[in-house]
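Think of it as A, B, C, D, E and F in the order they're written, each chain with its own count starting at 1.
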């Protein structure tokens, strides 16, 4: 039976197929009875699933990030489609058709990891090369770096999301650098690679994405500094001489200033060309990815507007036909 | 005699050569005697020139934006090089070696204007094409658009600066668009073209760059809306049918939201993918251009830091050798 | 049977009479069953009506802004009176006693529209007069201007509310102008008239008050500029000569700056006497109208305080006897 | 010899006439020599006077607020007219033609004081009347209240300025109250009278306007509460019964909330209709007075713009002819 | 039967014992049926109690601040323990074992009141001593001061909380003063005593803690000024001479500036050493008390983090073992 | 000849004695002639010294932080005392009477360093003790830690200022901890010690106090994390087992959150009891020290107010007699 995508579901339609699970919660209703709530997604969007009268046993059957097979009925509530779940079980990820989902396939992750190595090795400055190698050779690090998310919600909040965000940033940096001749592309590429590295310590991906204790108390900025200090020591061994102070300072400064403003938790404002470039490119990539996802996943296909997003202080405009009419309005 | 660039001048050195003038002011000293102060630049930087005991006659000999021939003596004050002027006269721009200056040559402007037309005409959507033609065919508009500055200070504050900023934005947009498949490049390119268009009304370039009355009372955002309304009417005539409402709305929204936040004078927050892309690309281009210029023009070549810039809330780091050591630290 | 006003209703009282409807919503309860919620008002206040187990059919029987006949029972919940609805139907507006409601009668609207024309025609400056006539002669414009609301909630959010707000502003401006001799009353009166004009494009009044797409993407400030540009062209035809640039600038500046601060979406700060007067008078009128309405409509007549209003950051003090004890505490 | 008004003075013109003095300062120049600087005004504007090589003796000859006879020469510096002083002496205020100055004449002050009494006595609520009488009967209070300034700079910063501001506020309140039927005019009039009363303790007018120690440590808001507490006790004696708690609370609340926002030093937000009316009327009156004065006193009559005022974050637009072209652009 | 402390309760456990009640509310559920919700606490924490199908009669049986005997069943909802109440009655406070509760016993209050008198009388400056006596001799004042709370929620929100906060502040002030030799400890101790005194007028403790009308319209800062004015007059009688102006000003300034910043409702910024010390000590004591209480009362003993507290913008870290492992990590 | 303290100097008095130098600058006057400006202080205050017609040679004779012998004349300018310097030479610090200066003597520094060791060793937790020993045994670290300033201006900006600030914080923490039983004093003492440790890398004390490149690009917060990481590794060797993760996290969290708010450059908000205590104690100590110093050093002894301090947004109140009248107004 061909898959019915989330965007195609209609009121009272019966459903029996695989979704990607996230944000699992066991919650009581007003009468004190527990129900299980979980976000279910495929590549066309996301909806909220609810299993009434649930217990700890139901919640224990799967984790956030798992593929789950769900039986139930679609229902339209307050203009949003929901899925009233009758049964939910962990699915075998080897039988899943990855094309049905927005997240990255193992093959995608391999491809991106190879591209990351290629971009890092393309920089000819010996100290940067040595630093790159000391990361690439660290299998435990690479395993976590390539499978971690870039966030717990908003942009790139899925396995491999961090890698995808970082490689895309590096590609964009390489594309635009020729137009800004004073920009040191080697430094910028390494800044793109390092800036969110601390997230592999900040976020746990064991059971659903969540912050670790260390992540909440220290944050990925300070954690990234500690990680870079350790690798700089390794790089000096590889290199056989000290990493120039100037390079180490400029790399650390990019980590410390990439949030751009104090109010966003940056302990330093960008004070070099590469740091200011990194801040704006990071913002551009995160915002475009986030806006595109909010437009794609919005639960009301009838409306030309998404729901109001309080953290953005606005609705987003989807326009006609529930999205963008390519071919018709643009394209060079 | 070969030119002595500003970065090469030494204390007590005699000077007799051409500079680009800006920010001309006639000011009194403490004893009530007037002196003439003017910013003088070449492609290596800028310094402040002062003509003691000046009068209205001295000030009238040239305007901001003119090339001027200056005779005088370089002096180091408070760590900054200044030029004590003995004589200053307007220079003949046809005898100037444009390579000595950071501003655009007539040939640069021609090249950029051709590239602008090419980019606008590359968009295949009929309504956008018609709109583009209605601007390109308006010679008075194009003359002002290609020769105006993008600001009175900070980034691109020289003749042709607006054109240079806009074409660079469009090039960058075209480079990165393939990496963001939901982005409508046609709309985005026109948004880049239109977003600061109101500046040709906001800023006067007749005698030094300054705000017009209308510019101060209305601002380039509202002025751009009025200008776009007029051209949309012309485009409809060219097109023989109405410009789709959806396209007109999305273009106007980009003008209204490109400052990104209410506190920066944006009456609307970006609510479409193209508007959020435009805001971040505009910021990226303006900040990189501005930072590079502040680093290049900083008056103290000895220091690894620029002076403190209150509007940025920081100093910028120049690093060793008065700038960037290309070849050594980066380059892919 | 004489009407029982909302302020008079008591717990468990049976109700069968006409109310004005607003904010109609079909919402699910925790068990997934839909109910219809609607704000019901008369001239003494407002309460929330709820029809349990409702469906699309119930919601379709009337629109926001309609008079509705409601049968049901008043109930006191959490200190607030609610109305549990058994039946709700659209009422015939010709049989309604308009005195029972706070909104404007057709006769009120006529009176206010005549007063608007009178005030506009009282200004003797030819260019302003011509501009006024070009609006007054535009029947489609006047029909929408006189029947639109000034907002979707808060102050003057009912048909004719925009007209009432504008005429009151103009009256107040005319009263106080003699005390500020530098104030140009002609300009100020036209500024009062024009400042919120864009709201007839920003807000749709077809089915309940809501924002149009253009309203959300452009906003009434930019829409007002476009509308004024068009009318200035008509006024020049009427006038037979150009509208003085100075007048056009000052009028547009009032539209652009009337929100007073960047953070409230004003692209310009008030820079003329008339613009600063308009901003403060607009604020005064809107706040007094809004506060008076919140005090009148507060759902708990027992309390000397209204509920907490998060957008105002405060409760309002009603004082003793559920409101103001005129005659007793004031009156000149 | 007819007076030459400040707006008429030309470069190098010899001056010998009376001005009003303010902001007297003895300052050193760069060479450590002292000079005397003082603001000199008449009803057409203000300019800065400078006496070179001055000493304590020169400074002691007059105080801020005195009329002074000045001999000297007008000079244009940086586009602003200044007065190089040769001699400055305190003038006899009985020989001054008060019409030449913007400040209030003794007759103005008498007239305003009578009007204040009339407005206070027009309120018929016994408790308010008794309170009013307890102030009006306090000659020491009335002497200070009628001769104090409303500020040390900005609006109404001259003897009688507080009285003028308060009476104007009361007049405007009485004019607009009929348009807001829920507003208790009696309370509002007393709120207008009392809101800035603490300024007679906050500001010293003995030798130039400046803050007292108590004014700086407590502020006119808290000082006003203490003053009102004392008068409420007197009013109860006059009345023979307690002032109703409700009235006392509402009056104090107006004093405490009249700055409108926490960030402007208001310990309370306005929570009654009269308090919100007072805040906005006070703002309107202060801003209109301040803007009109900045436009009138701007030192560069050639420009259509005032200088930039950092505390306002803007320039003001004066328009053509150094001010407003009444008769021509407005007037009903 | 030994008490089962709140931290020990398990899912489905039957409960029949005494708790301290707070925040009593009668609320409707979605079906319009009322239930009673009340916070129940002992010295180990707090949980929410709910009595389904409750009425006014149930709510009338006890008040906030009472000890209540509760029969019911503990239930775990959304990770938090709740108590489903079958019966709730006011308990006899004389039979309560006060050690089981975090609030102050009558004996605690006596001890703290004696310590307060001792600290006030330890200051040897006659004017301060006289002021202290005029408060200590006022039995009505002392009765309210010693039994009032310091807030309606957050820190010290229980009978005697104000006294406990004030005495602790004074003790801390006395401890640290020797390390800051310029600090006038006498003034600081009286500032600690007076700063929140207005809260006995601002908050009503008759039936649950809530704001009085005067409290909301005036606030404890202004109310404290009025109270201090009255006592200064009494102190002058006791003293037989005026209280030095300098002392009165410095005391009032501490009341007016203790919130430290305008945005927190302080009408004045601290401008004396004692005022800045009071502000920071007050903050330290309130924050430490509040954080400790949020950690102790957090409803999920399994987690190393408290719930998110929106007014603090963060979660708090409890660490391992539901709290602090004294003995192991610290102790000098 | 007995020393004439700065507070005693009178206009035109001849001076020949030793001062402490700071903020040395070579600056041009309006005529382009250089002069040397330097802040000179003793324990009674500070004043500005100026040597006219100075050159690089004069500036090279001493450094910031040196004792200098100055010959010259005191002059009163704009109400402030200045010193017109005729000759300035570095003085021999061994002949200086340290009691005449506010900075720390070598003996003070020894005493404070011993007390620091004592406090660190008083904590009995093995992991903290081991960490303490690893710092105390590092002579290079201790040399810099005990001689560095806590800032470049404001509080504790002199050699040993960091040590003095840290030891005082630890003393205050130990004094108040018994009053807050949930506070882990061991952790808090180490947090006090570590929180500003990065300043020895952030600030250079070689030639006047200034920021290092690394200090500006990374900041003392991130630098402190790197330093702590290195010492934690050493402590583990000393200890023979890992430092508990919980302890390391809580220490790092105190460093990262001690600025308390994002806007002050804190990448994390305080989330533990010790972190919130550290933030408020640090603020208390820094503000009291800073206010006391501004009051002591204010250049106008006649005034009861200091000059306006823009970074504080206020003047400070000195009160009568140029300071505090101990004995008279306070003292327990």
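Methods note: contacts are C-beta pairs under 8 Å (C-beta built on N, C-alpha and C of every residue); 3 or more make two chains touch, one makes a residue touch a chain.
As the structure is a prediction and not an experimental result, all values here were calculated from the model.
By number of C-beta pairs in contact, A-B leads over the other of D-F and A-B.
Residues touching across the chain A-chain F interface largely coincide between the two copies, over half of the numbers being common to both. Averaging Cα coordinates per chain places chain B and chain D 44 Å apart.
With touch defined as above, residues shared between interfaces to two or more other chains in chain C number as follows: 30, 213, 216-217, 250, 253, 271-272, 315, 317. Taken chain by chain, the contacts fit none of the simple shapes, being neither an open path, a ring, a star, nor a full set of pairwise contacts.
Contacting chain pairs (ordered by label): A-B, A-C, A-E, A-F, B-C, B-D, B-F, C-D, C-E, D-E, D-F, E-F. Residues of chain A touching chain B in their complex: 122-125, 128, 168, 171-172, 174-176, 179-180, 182-189, 244, 246-247, 250, 253, 269, 271-273, 276-277, 280-281, 283-284, 287-288, 291-292, 295-296, 312-317, 319-320, 323-324, 326, 328-332. Touching chain E in their complex are the following residues of chain D: 213-214, 216-219, 221-222, 225-226, 229, 245, 249-250, 252-253, 256, 262-268, 271-272. The touching residues of chain D, counted against chain F in their complex, run 25-28, 30-32, 34, 213, 216-217.
Residues of chain E touching chain A in their complex: 29-30, 75, 77-78, 82, 84, 304-305, 315, 317.
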